[in-house]
Structures are given as C-alpha cells and as structure tokens.
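So the structure is just underneath, and the comments pick up after that.
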C-alpha cells in the first residue's frame, strides 16, 4: 500500500483527492493536512465523509510527514510547495504538487505572472510537468511532479495534436474557457457567494490569467516555437466542469477525416481522452465526476478556422484525478488504477 | 456473473442503474431496453457513456429477454411491470420493479391513487417490499421485488424507529419533503424546463401524492395501526436529492440520548443508514451520488415534537442504488457489492 | 419629495431599497450609508447601478443624518438600530427598522432568542409592527416602525385569517419554510459560497430560528392566546423567494368555498395579497421582484388538516418592498406608490 | 394610447413584452395572441400576471387584429411574420417583428441559413433593421421593423465603434457568446429540461448559428466590406443574460484612453449603452431585467488583440425591450418611455 499524505486536504481539490484515494486499491491516506481545521475531524468539515473517514486534520509538520508517507500531495496556495521542498524531502518521498510552483521552467516568467518570489528555483529543473498523456515516460522517473492547472490540461490536450502536426498557425490561437465555480476555491469571499455567482456569467483575468504562460510554454514545445496566445476564462454558475472553445487559423484546407485521423493517432489508446466521432460539441455534464477529457472539433471553411472544444471535470482530470494518475505512474501501477469512474449524470 | 436486463434504461433511474452496474464486479448488463431509442446506441443518448457502453437499445421483447438474463429491472412508468409479469417470467428470472405496481398490498388503494387498473393483482401477494433495512430476510427469498419510491424510502427510514418504538403519536405525523428535479423524470414537459424550475420552489400533489399510501402502509406495519398522515412534496431547483422534514408529537418527554439510542439500535449496523451524532441538520449534498440515507433529529420541548430529517439521493438509494442492493440480496451477494460509493462533493 | 437615508445600503435588502426608491416618484435617496464601503461609489459595489447612482457611501453619522433626511431605513444587523435610536432622532425623522430590534414587545423574549442586550427598550412600546395589511392605521401614526421579518411576513399573512376566524387549532400549527439564499445576507461565509449552497437543500435553525417568537406573538394576537408553534426554515439554491407550507388541524369540517370566503374577506381589497382561485400551489417564481404575497390552500379531509401555502420575494415584500409600503403609510401617500411591480419571469 | 397586439404572447419574449408594456404609460395591450393557449386566460399560463392581466388568449386573426390595434409585435417562429405581412396590414398598422424574417437584406442568405422559403421577400427592402442606436432615424419613418436578434444586438453594439473606426481588422473577428436558457424558448424539449441544462455548459450551432450572417451583414455596413467571422454560442445554466467575448486583431497600437474615446463618441449619449470606465469585465447580472447593454474592453499588447465584452438581458434589450424602444421611435415618444428599468440583483 502506498502511504499518502495530503497537505491542503480541506480545499475542493484536496477533498476530491480523498474521495478518489478512498476507492484506490493500492493507496491509503495516512495524513490529512489542513491548517484551517487542525485537530478537527475531517468528516466534520465534509459531511459526505461521515462514517467513512475517521481521521483528524493535522497541521504542517514536514519532519513527521516525510517519514510517515510515500507520497505527498500539496493541494495548497501558490508558493507553499516551493517553501517546503528540500533535497531531504525528495530523497524520502515523492511529491505531487497541485499548485503552479513547479510548472513553469522559466522562474522569471513564474515570478512575473504570480507576483511572488520562488523559494526553491533549484528544483524547477528536475520537476516533471505532469500531463500524463504527453510526458508519461518522464513522469515515471520523477521525484517531483508539477500537476498541471485545470484550464491548462483542457487547453493543451484539446490543441496539442493540431499544433504538433502543424495543422494550425500557433500564433493565431484564441482560447475562450468557461469554468464551474469550484475552480475558485473554498475561501470565504463575497465574489464567490451563491447570490453573486448564480444567474451570472462573466469573464475574469482577461489577458492576465496565470494559466496563460503555462499553456504557451507547453504548446510552444509542441511546435518548437515561442508563442503567445489569448486566453480568457469565464465563471459559470455550476459546481464542476471546464469547457474550452479554442480557435485557430488552419494552415491549409483539411477535411474532418484528416483532422480526426491526427487526433486519433495521439489519443486512440488514451483511456482518459475521448475524441468524439463527429463535430457534436462536447459538454461538461458528460465528464462530471470522472477523469475524462472529451474533445471534438469543427472545421469552418467560411473562416478557414479550426474550432476545437474540450471538456473535463476541473477537480478530477483538472486536479485530483490527474494527480492520482501521476501517482500511479510514479509507483509503477496501471495508470487507470482507482480512476475507472463513470461520469455522474444528471 | 449475473446477467442483467434493464427495461427503461434511458430514463434517469435506468441510466443510473447502468452507471452502478458498470462498477459492479458480479453483474453484467446484457440488455439495454428503451422503447424511445430502439436501435440507437445507448451512448448516443447519454454522452457520459461514450466509449464505455457500446450497446444499442432494444425494444421490449419479454420472450427473448427472459431467456437471456438472470434479473430484470423495470424502470418504467406505472402499469408496465404489472402488464408483463407472468408465472413464466418469474419462473425464469428475478424481477425488481422500480415502479409502484407491486408496492401496495391492497389493490384498491393502488387503483384509487394511481387511477389505473392493475393488470396482474395475483402477484401482489408474493411481491416483497424491497426496503432492505426492514425486509432483508424476505427479500432474499423473493422472486419479485417492489423497489420502494424515493420519497417513501426517505420518509420511512427517517421515522421507522420512532414509530415502531412508540416514541411518537403516528396520527400526528406530517412529512414535508423536498426533491431535486430528476425525480420528475426525463419526459419533455414545459413544467420541467430549466427556466420553469430554476429560481423557483413550489409544492405539488398536495394531499394527493401517490407515495402517501405507500408511506402510510409501511409505517402502519411499524405501529400495527392503520394511519393517515400529511405528505407534501416540493420541487427544488437542483438535480439530485431528497430531503424529508418530518414532524410528530412525542408521547412522552425524552432526551436526545434516548432517541439516539433507539435509532442506533436499528441502524448502527446498517452500512447505508448514517444517523448523525447530534442534531445537525442533514443535507442532500452529503449523500449525492451515493447509496446513503442520512438521518438526524431534534427534540423540541417547546412544542413537544420530534423533528426528524432524512436525506438521500433520489436516483441512488431512492431508486437505482436500492435496486442494486435488492439484487445483491436476491443473489446472495454481500449487500454492499458495487455500492461503496463515496458521495460526490461539490 | 421625501428625503431618504439608508443605513446598511450595501446589503441585499439595502440595495433593493435603492432599486425600489429610484423608481419612487415621491422619494429621493440622499444618504447611502455603508460602514464596509465608506467613500466608495455605491455603483462600484453594485454594478447594476452604474450611471444610475453617482453617490458615494457614507459612514454612520446620526448627527448629520437626522438633519438631512425625513426618514431613515436601517437595514443593519440586530442591535444596531436599538443602539442609535434616541428621542432626538425620533423627534426629527421617521425610522423604519428592517432588523428585529423593535419587533418583539417582550424584551426578555428578544434577548433570549437574539442573545444580545437590548440597548433602548424604552422605545419598544411605541414601535409599531409594520405589517401593513394588519396594522395599517397604527403605522400611519407611528414614528418608529418595526419592519417584519421575511419568514414572518409570509407565515403570518398565510395563516392570519384562518387563525383569527378560529378555523384551525393554533396550537397545532407547523410551518415548514423554504428560502432563497439572499436571505442569508452578503457576508463572506464559507457556508454561503456558491458550491456549498448549489445542488443542496438543508434545514437550519431547527426549533430555534429567531423568527419563531415573532410569528408566535403576532398569531397569538390573532387568536387572543399565547401559542407555540413549530417553525423550520430551509435553504434553497435560488437567489430570491420564500415559500411557506403551513399545516394546522381544522376545528370543524369546512369546504374550500368557506375557507376561501374567509381569506377573501381579509385580502380581497389588498393589492399586495393575492389569494389564488383554487388549490393550485403557489410558486416563488410568480412573485419574484414584486411586492406580492401569493396564498393558496388545500383542505385535506383524510387528515382533517388545512395546508396553507404562501410565497413572497424575501427582499421585496419580505424586506425592502414592505419597508417602502410602510414609508408610504407614514407619509400619507397611496400605499402602492412605487410598488406597482410586475413580477419578473423567468 | 397606443393599442398593441402581440402575436406569440406566451413565449418568453412575448411574455416579457407584456411585463414591459404593462408599465408603459402610453401603450395598452388589447390583443394577447397565442395559438397554444387560445381561449385560456393569459394569467393561467403565467401566474405572475394573476390579478394583473384578465385577458384571454386569442388565435391568429389578422382581419380583426389589423383593425383593432396600432402596432403588432410578432414574437413568433421564423417564417410566421413573412406569411402574414401584406400591403393592407402595413397600411393599417406598424409591425415590429421579433423573428428573423426581415433582418437580412439578401433573401438567398436568409433562405440558406434558415432553410425556409421567404413568403414575402417584396417587403424586405423597406423593412428597417431595428437596432435603435445605429438606425434611429430610419426606424422613425418605418412601417415594418426587423427587431434584431439577441446575440446580434450584443455582438454588434460591442464591436461597432471599433469596426467602424477601423481600429481592428474585421476579418479577424471571433465572437464567443454565452446565453441563458430562456433564449432556447419555451418549447417542451428534452434538451432544455432542468436536469439537462443545469450543471452543464456546451457550445451549440458551432460555425452554423443563424445569427452569424446577421452580425456579418451589420458589421459589414460599418466597415464597408463584406466580412465573415466566427460566432460560437454557448448555453449557460441561468435564466437570462447574454455575454459576448469578442476578439479582434488591432490594426495599430492604441491606448485604453484612445479606444475609450472612440466608444464614448458613439455611446456617451445613449441611455441604454453603458461603457465601463475601465477594463473591468462586464457581467450579465448587472443588466438583468433592464434594457442596458454593458460594454468593456481590454487591450492585450502581448497578442496585439482587442478583447471586447458585452452583456445584456436577452429577453429585454435582446428582444422585448428593444422592441418597445422601437415602438417608442415609431410613435414619436421619448425613446426610453417605459424602459427606465433598474437591473434586478440578485
């Protein structure tokens, strides 16, 4: 059994890690970390866990933690993971960081977009970007995995084959993304109150959202170019789900079948990426509660653009599910272990 | 492997049966019945099942069906199951009926409340009311199980110990219930459109809802009296969940601990009934997607009333989950097989 | 023009007062009070008011305020209004208090339920309970109006005729109420976050909610008896609306027409109380954004109970609308001035 | 008083016309047309109108209608208005068509996108496109007004100044739009059921939505070029509201102030267009229930793009409100008559 410690277990991503790992046959959570609820029963914070989890939340204590577990998930605010990572920690345990601390290779880009100083840039180099479908082999050998952002996972997986194969002009990419409200976290803020979010839609972080450089970096690797793109997230009055609608200029006339063949080449064998058979738009409801990314696309000959749509559950494939997928890779387990989740509808 | 046939697999309850049985280690769905979608792929109706279910929907054909399966679930409108049940069918397969056809022992009560003629009253006698926590031993021996209604399951389990042990006057019972909209089914009706349900709450079927006699009959068995009670359902703008708030006059002064002890006597060993430790009100979000019923209660000395609150997921414990629980009993499996579902939040 | 000051203008009720008074032909808001947003533009807090309200929020300053306005609305937490009321204030301006400070005549009951000391009990006697349909004539002569609670308004108006005319046993009353989330206020609390409220229903304050003694006092006046009753509020995932489902034992057999005649006697001439023509359940969506209370009822001969349903918009008739109605009475205007609002649907 | 007839008064747009016209001081509805509810009370269909509207719904009868009213609103499916317009009708009454029948000048474009034959192409020429802010003077002289589509109004008003003034390359325009569900109409379809729409977001009509050529035509007039653009609508789980996020390549480097000055030149004197003071994203909640269009924009120097955001209430400025605004112009009334609506929040 893999002994698991979660720092930040009482956020939405942390709590979802708990849900997933409870059904994981090879893992056991032995450390429920939560600064906000130290010494309180985890199930008193999340009533769904009543009679399922009996544990009490613990304060940060890296000394103790690194000796009691095999893997640490940090589902924590930006900057935390960078502040606790040391050679000693990495020599004892695997670390899967759900924050952005180790996602961006250029520390100056990180510091510019996140407005914080990076506390341990010396580990950025060895950190592996944990997008399993792209970096599978490197993840297997990693000590420190940078679990991708939710918007990022959806955006990259939606566009990767088209960019990598040169179907589209990468400099023309516009990503219009929509997210359920759990992505905003569990902090007590007026802006996230029910009455403020319900019956409303708005953009936010226009041209400044922190997932932008992460998407640009990864898609840049795909086309071997430095690229900039437009990324606009929106807040949708629903709990879970991210939908990405991405636009890019086609480099030449292509048929649906040609593009489909390209996507199939990349994803046909991927359990968690489902490319639809036709141009039916993907919907977030069809992936809720599961680790799937659904992708479909439309070729628009009028404008000569490719419109790619991607949908995932931001807390699963966009956070906790992908983190478990990374854990499976790190520990040599079948990648889908504990992740055969049928989406819940309605 | 238990071979399963589902008639009515494209309703919300039918589709949830599919979700649950896909994760059931001892069952295999071999018949996806759906009059509305004959010859269409099941996954074309429910996109969540894409690449998971490859089957095509079939029309009703009892001849074929009874020879190909071990158990039939009928997730169908009232009257359907009664119209297809025969001695031959029951001699070949087990039947779990999710409609009301075999729930009420007095056929005249059924016909009065449901306004339809019962097509096979001769099987009402042997049908077992499939509330596992109450009728476990009889279910094990049954051929025909009448799976309880969603409101009924929540109402009965919430009140059963108090009524059975004579804590309350059963003639004083008032049940005010609230349900998510999936309980209204998947039929195309103006009243169930998003814009008609959203931002609204209303009662319906006041003093006339069909689950009333079912609750009265079962609680009547508990107190060995014929009782009438008030039952008022309400429609809530959410997908899943039933909340019951039940009021009853206490027969004598009791403490929280005394009542708790009574409830624990009935439910402490029940995996799917969770009685909270204190009077914290139960919430539907804590059971969503799972087979749990959560129960808590408050003693109000000012009015001398017991207020019991129950919450369940109407499609799981209120329909498909309980049906699987019944299947497990019928086939001698551990009752929780395939039902160890951690509630999904948020 | 009536010069209006609002203390607490940036809560949901305060903001609704602004919306209503902007369309009031005889009133003008000259003071936007808000401790939380002092010196900020009101329209920067509520974007709907952009280019409509140019004013800046002001801190409490009773000295200045009492000299600049004709009427003060206090849409403030419990205890605030009692802390600022003086003989001098009341000699200069009318005060309409949207909090509970002056609703309950017995100060010990207030202090017991609200757990705070009352700072100016000497004014409780003269304060008039501002339920216009019941206390119209007294309100006209008042200096200090205690604007009723949202649950209270809906509960009392729904039951008043039946209790007053002795149709039901007042000791048997059970009120099961459901409220939209705006009733919980605009404070930043985890419990009121979108993801915590959405897809959920729960009871709260069971047998202890503070509106209980207010309902008991007013209905007690109606039947000239001291009564206790059960009151259970629930939180519903919608912005606005309160639905009350009230149960009471009938004292004798009555017909629908008899009860309807009683209700019509009280409400036929009331513009803001609409008694439906039959037993169709009322719905909150039909009153949204308006000052109406809709009422309908069902006689259940099986249980010998009367079930009365009431619906209102908690921020309008349950708060700001009723406050404006009270203002109209205080200043000798037609009661409906500025309140001819057609409910907004969907 | 203007005597008004509404054909299609029981759809969402028709019902909103009723709400708005009930508060219009110079108009009176004398004909509530509705094929689906002939001879039924209007208030039995929309409970909000109980005790407000006593009229009964009437079947189509153009003979009678054209003699009883001064203006007809057709809030009907595509093709209907074209089928009833005659010279006789237009000689007697003004017609404001809320469908698309007379919006597109090139009948072949209409027939290609709408897949129906146009029944009276001879009137397309004289029909005026009823976007008041652009075509004010022509509307005043019209007999037949083609009321713009909801997406179209929001898209055009958001982009018009930038396109007209040559700030952006019109061939680079991408419009990603999001709509509340009332835009899908009141027809009983499974796809629009609460449980299908709630907790979901999806694109639809990708690269094929019928509002596309309407936007292209109008923006083409602005830049004096034939243009094609990408338009992608999405369905959002909320009742009302449209948000447009539009992307276009800047032709040269511009500052916020420069672009703001351009927008102010067009809209500063427009009561119903509010251009925000800074780049704060607009939100649909701030315009709900009102006739406002809110617009804000962001200049992204990284990608050299202008991102313009527009928000309106699809049933008001996107349908019924704009239709009333047109009526006011047609009858020489102040344009805002009956439309001084403060947005309802929350």
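Just so it is clear, A, B, C and D label the chains in written order, and each chain counts residues from 1 on its own.
By our rule, a residue touches a chain if its C-beta (ideal position, glycine included) is under 8 Å from a C-beta of that chain, and two chains touch if they have at least 3 such contacts.
Please read these numbers as outputs of a predicted model, since none were measured by experiment.
Chains making contact with chain A as well as with chain C: B, D. By number of C-beta pairs in contact, B-C leads when A-B and B-C are compared.
The distance from the centre of chain A to the centre of chain B, with each centre set as the mean of the Cα atoms, comes to 37 Å. Per-chain Cα centroids separate chain B from chain C by 39 Å. Residues of chain B found to touch two or more other chains are 12, 182, 195-196, 198-199, 237-240, 283, 285, 288, 346. Those residues of chain C lying in contact with chain B across their complex are 174, 176, 178, 180, 195-196, 198-204, 206-207, 228-230, 232, 234, 236-241, 243, 245, 247, 279, 281-285, 288, 298, 300, 302-303, 305, 307, 309, 311, 346.
By the touch rule above, chain A contacts chain C in their complex via residues 12, 181-182, 186-190, 192-199, 237-239.
Taken together, the chain C residues at the contact with chain D in this complex read 12, 15, 19, 22-23, 46-52, 182, 199, 239-240, 274, 276, 283, 285-290, 294, 340, 342-346.
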